[in-house]
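Chain naming follows the written order as A, B, C, D and E, and within any one chain the residues start at number 1.
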Amino acid sequence: AAQTLEDVTSRGALNCGISTGLVGFASQDANGEWQGFDVAVCRAVAAAVLGDPSAVDFTPTTNQVRFEVLNSGEIDMLARNTTWTFSRDVDLKLEFTGINYYDGQGFMVPAALGVSSAKELDGATVCIQAGTTTELNLADFFRINNMSYQPVPISTASEAQQQYLAGSCDVYTTDASGLAATRAAFEDPAGHIILPEIISKEPLGPLVRHGDNEWGDVVRWTLNALIAAEELGVTSANIEELSAGTDNPEINRLLGSEGNLGEMLGLSADWAKNAIAAGGNYGEIFERHIGQNTPIGLARGLNAQWTEGGLLYAPPFR
Amino acid sequence: MAEAPKKMKVSDEVAVDIRAMNKWYGSFHVLRDINLTVYRGERIVICGPSGSGKSTLIRCINALEEHQDGTITVDGTRLSSDLKNIDKIRSEVGMCFQHFNLFPHLTILENCTLAPIWVRKTPKREAEETAMHFLEKVKIPEQANKYPGQLSGGQQQRVAIARSLCMRPKIMLFDEPTSALDPEMIKEVLDTMIQLAEDGMTMLCVTHEMGFARQVANRVIFMDQGQIVEQNEPEPFFNNPQSDRTKLFLSQILGH
Amino acid sequence: MSTAPKVQAFVRHDTLPASAPPVSETGVVRWLRANLFSSVGNGIMTLIALYCLYLLLAAIVPWLANGVWRADSIRDCREQLAGATGGCFAVIAERWPQLVFGNYPSEHYPRAILAFVLLFVALAPVLFVELPRKMLWFTGLFPFIAYWLIWGGTLWVPTLALAGVVAGFFVFRALERMSFFGALVAGLAATLAFWIVLVGPLSGALASIVPLRLDYVESREIGGFMINFILGTSCIALSLPLGIALALGRQSNLPVIKMICVMFIEFIRGVPLITLLFVASVMLAYFLPPGTNFDLILRVIIMITLFAAAYMAEAIRGGLAALPKGQYEAGDSLGLDYWQSMRLIILPQALKISIPSIVNIAIGLFKDTTLVSIISMFDMLGMIKGPILSSTDWFGVYWELYVFAALLFFVFTYGISKYSQYLERKLATDHR
Amino acid sequence: MSTMSDPSQPVFRLSMLVNDTRYRGITFQIIAFMAIVLLFGWMAWNATQNLAALGQNISYGFLGEQAGYDINQKLIPYASTDTHLRAAVVGILNTLLVAFLGCVTATIIGVVVGILRLSKNWLVAKLMSGYVEIFRNVPVLIWILIIFSVMSNALPAPNAFRGENPSASMVMDAFAFTNRGVYIPRPVWEPGSFLVVAVFIASIVGIFALRRYAVKLLFDTGRELKTFWPSIGLFFVPTLLAYFVLGRPITLEYPELRGFNFQGGIQIFGSLIGLWFALALYTGAFIAENVRAGIMAVSKGQTEAASALGMRPGRIMRLVILPQALRVIIPPLISQYLNLTKNSSLAAAVGYMDITGTLGGITLNQTGRSFEAILLLMLFYLIISLSIAGLMNLYNNAVKLKER
Amino acid sequence: MAEAPKKMKVSDEVAVDIRAMNKWYGSFHVLRDINLTVYRGERIVICGPSGSGKSTLIRCINALEEHQDGTITVDGTRLSSDLKNIDKIRSEVGMCFQHFNLFPHLTILENCTLAPIWVRKTPKREAEETAMHFLEKVKIPEQANKYPGQLSGGQQQRVAIARSLCMRPKIMLFDEPTSALDPEMIKEVLDTMIQLAEDGMTMLCVTHEMGFARQVANRVIFMDQGQIVEQNEPEPFFNNPQSDRTKLFLSQILGH
């Protein structure tokens, strides 16, 4: 199974698995174009491998089928809000290639409820999206804090939101990013507050099959390139200019004007340049799809560069 | 057919009295100004072309159809929309249909005892005895524990007659009881009816079996377009019909 | 006994004129009395029914009447409504192409619509026997035309596929005299061999000489109601022959064949369709040689076809059982062999008897195609649940889309069920 | 035709395999059998290859591992620390629960609607056929989604019961209809309560005995005993008497609003109600058609014959029409029950934790054991279907009309 | 009935030869030690009480039923389990059923041409001509394009005969061809059969039409309990039956 890269190049398109729809991360516009934060990772990989960010065939996947679809070879990579866990990595024989979003599970309640901490939620009815780590975290959190609750599992975010607004549950829990996105779409966002507790670590990242390390490297380093680009100040605006050569050797190695990193990966020298040019660096992608100026309005938080107090830390390109 | 029964004396007690009766289906005038008096013990055969209202007439007598105008009196009880009257009349009038309408989920014996037990409140024991008596009369006692589906058409029709008789009706109505049967079975059923006639049962019978009419009827009634066109004793009726309609009709059915 | 009354001879020479029924028997009053207020109980029921009707309308009418048809997003809708009850139908107005076609490229909509219209031309001779039988030729060609119109690519692929069928047919014809069954198997094998061996390279070669192509559209771009329709029609069409084979197998007096068919039918009928769809989406790949990987739509079509075939088989078995044994014997005594009497005598009659139940299965199947949304296919329902409701603009609308979907399905399935009723009435009087 | 003795041709020729009625069938069967075995063998071989390539194996060990998730609707005790197997059992019970409730309700709806559709009342008949057409012609998944959200939007949230001037209030202070479900009082069994229950069961038995006695009396003597009022009396009086005599051993725990939700009492979850009603309304429409067809299959002649014998409509229905109609109605009715049970696998759409939601949903998802989970899932549905189908065959054979 | 055909001289060529044939249904012995030789041109009537195995016997001849013991040879071909032999025999033996068994979805003409086209591989044109010829022979060429459901029972039975004849069989088997018909239609069919007999067709006919037997049969066979009890020419058979069973049987069917 060590030939995914060849398959992709000979096919001329990347098969990328994404979510069937998650506001800000993967959704379709009126023209049927996939847009979103996860989608951008796919496009970047396609640009890196094939030089064309639009050479992606998206396969929407549900929670149930995502790993099978990857394992059966139907898709080359899965870029969908999937939490990196031990058992998924080891037992399910998947390979997580990095983290594109540091999330954590949080709670949203109507402001009128007068709750200010998750510890006050004893006896509450909680809406969750079924079939994710969210349920496990929730169970653990309430058990540890000796509280009872009623889970209401819902299959899609739009239905969960519908139930929450109708008052079928007191609390809506999902990853904090999802909470923010949901809240932003409300008629009255101010009427709902996101509680301060984050009860879990949810590192979300793209993943590939076990056993094809070359392909894993491609995906891993494409993601790292996006992150490093932001750290190094490479943006879609200045990339043409910088790729001509700079006095920063790391930028040069990244953009292929120096060294042979691309060759080592089995790609062209300008692979990272293409990846970054596809949708900009990590920061640009973030701002375009889920940042402060979008209706979703997420702050960078943990997803800021390490230099700015966040956790984003791309290994060096050398 | 068996030897001709003596045409029995008819009493002057009135069994059924129909006066100026009219019936409409929607705006279609099916029965027009029907006047008919049937005496106890009389055997009347009704004939006429298809659609002339024969079935409707006899169905009116036991209130399977309601009439809109005129009166029907059965055995002194005036038919009205009062349920009690209807029940009373129905328990005195037995009816036999062209397609027998036996209850397929019940055995022959149960078919015959159902109504006596539930309507007449006869103890089951007694009802079964009566039923066997009448089944013997129609000559099929050995079929008592079979189901209708296992019997031939002629046998089914005879069960249907026995079933009506078990309610000990004073009047029997027959609506073309033999027209759904194969020729050899017709005889069985007609024999049974002739025997009934011999016993003095008051009968109104829609049929085109002219042999039967000649043999047992006191009176033959010819209907057309919802009216009684002609009535007479069988001999003059067949040999010397008065109305042109009747002549035409008789020439058709006797000719073939 | 006293003097018996002498029979009153009576003759009427003139016909009484028909007279109008009493007032209570005609007109609006009678209609009302007969249909709404024939008794006290009935009157009460009428009032209750009227009240229910009122409640229903009171809930629906304002929602429909105040509906917003023109807006950019749900926020816009809400502003326009300013608190009043009303639907945000703008989402339908904006997203209807997606609802109907999925992500099918909009410049190719005419192709899909043409295929849809041609479907009716192709179906017409099947549905209405009065039409000239010659039209059945088009019905036979239609699958290839439709495939080409919808998926595009070079015309050579469907043409060669058709050629494969024709080749199979000739093989069948050549061998038919020896053994019908053997010829059938050989014909099918020939067709398959032709497809596998020749179609790929030959179409490539021919296409490079004479291109004759439409833009190729990927399966995954097909979605919305279109996919429900494709799945529905192709699965129904494919399941019919398979269902016939299974039904014959189940009636067979060869115990092993009978047992295989019974087990297949009972297994399929015993499990819910979605578990089979799970199998199609996650398990089927395991059962195929490593590395094979074919279209999800194709996998789903296979699964739904198997599912429908099991039900069809039961419907057809009913028809076979309803045929009198004399028909089989008459065939035998004329010297027809098993396949001839099946084809010429038994099946034409058995199928005719089972048409109503076949149509019912077809309706059920068409509705069940929505279940593919559960395995993340973007059929109409999947489109709503996935991309549309999770788009930033329309996150929060709900009812409007589901009601729209319900309405669309209703129109089609109700149409089919009306057709089946027409057919039942017609068949009841046929040949009499 | 398989054997026909033919002693003069003892030599066996190869062509006899195809041409001789004795061998022909066997030849075909062996070919078919081998084809099937080869097909399965091929698939199994592929599966082992594929699994080996992925470094996976088939193992049901995950069933013994800790599930880790909670289930709201459970008929047996279950906590997130229990195993996946127990979660699956909870799911199975939930499937059976919704299937049972759905079947009962669908039958009631179907029978009522089916009869009303034949009503002489034009408006009622039209409304009912409207209901049937609308529900039959729209996919059940859409109905599940629509009805679930009708429920959660039309009923008040528990919040609405709060405060000085609540916008919603409990019915009789005992029942609360909220969009999270319906809360009803829970009986609390104290010592002595089993006596009350025993008395109650005894009186039910008594009612049946009374009815049998009434029929026997009618058969034996022709006297008819009125059983309606005595039955009702028997239903209530002894139990109430025992209840008060024993000092009210059964008390009710009323639901009351505490914290976020109503506490106490029994909660019937919204997802259960939504799924239950969607399935019942959908299947009810089909059953209504079956019922109507069944009643219409009993010819009008039967009613007329019975009326002509002087029977009243109620009796005709019970003694003549229903016994015949039921033979026609019950077989399709049971297939509808099967359909409902299979359709309940769509529970995931509303988050009802049936077997598809637990074993086929969260467990599959958390453990990634899709192969095993789906096989188990199919097995479960297959067992249910086959046992119901078996029962149906028994019934069919029992009521088959006797024909010549 | 038409005038009696001359009882034709029978050739000494054997058409059907049945030797020591036995047949069981499960453990029920239906046919016991049947020996029967039918010569070409012979017309044989088989009669006997219900359940005596008449139908089973003639169904064995064209392999609609299999036999377990003994041999059946038709026109020189020995009936064996070889499909080819079965096909050969069936194409030489025509059969007419009590309930006609016409194919209701095909027109009369199609009914008649189906087997010639598919079994005999006759060109359609030619098959249709043959069919019309035989339809004329049974006197219903004008019905050729109707469907069986539109014909009366007698006409249907005549079509069934024509359908068998279109295969130009050497032997015709009839299994109670008139017993499902109304009396007036029986004559039509019997006339057709008499005409066939006149043309010299070898016929085996299960029937209780004794007039037919007297008129055309060379031999009458009486069966009871699976055995051939008596066989003789019609005159001696009817006038002077030998066995008691035969006497009893004849007294019943001739009496009614």
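Note that in this section contacts are C-beta pairs under 8 Å (C-beta built on N, C-alpha and C of every residue); 3 or more make two chains touch, one makes a residue touch a chain.
Since this is a predicted model, take the numbers as computed values, not measurements.
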Mutual neighbours - chains that touch subunit A and subunit C alike: D
Geometric centre: closest chain by C-alpha means: C
Farthest-lying chain, centroid of Cα atoms versus that of subunit B: A
Chain pair with the greatest number of C-beta contact pairs: C-D
Distance from the mean Cα position of subunit D to that of subunit B, given in whole angstrom: 49
Centroid spacing, where centroids are CA-atom means, of subunit C and subunit D in whole angstrom: 27
Centroid distance [mean C-alpha coordinates] between subunit E and subunit D, Å: 57
Residue numbers of subunit E (touch at least two other chains): none
Junction residues of subunit D, two or more chains touched: 53, 145, 149, 348-349, 360, 370
Set of subunit C residues in contact with two or more other chains: 278, 282-283, 285-286, 374, 398
Subunit C contact footprint on subunit E (complex, rising order): 62, 64, 87, 90-91, 93-95, 97, 99, 101-105, 114-115, 118-119, 147-150, 163-164, 167
Residue ranges of subunit B touching subunit C (in the complex, touch as defined): 9-12, 22, 24, 26-29, 32-33, 39, 68-69, 218-219, 225-233, 236, 242-243
Of all residues in subunit C, those that touch subunit A in their complex: 74-75, 78, 94-95, 98, 102-103, 106, 218, 220-221, 278, 281-283, 285-286, 291, 293, 296, 374-376, 378, 382, 385-392, 395-396, 398
Footprint of subunit B on subunit D - complex, ascending: 218-224, 299, 301-302, 304-312, 315, 319-320, 323-324, 327, 401-404
Touching residues (chain side subunit D, partner subunit A) in the complex: 53-56, 68-72, 79-81, 145, 149, 152-153, 156-160, 179-180, 258-261, 263, 270-271, 348-351, 353, 357, 360-362, 364-368, 370
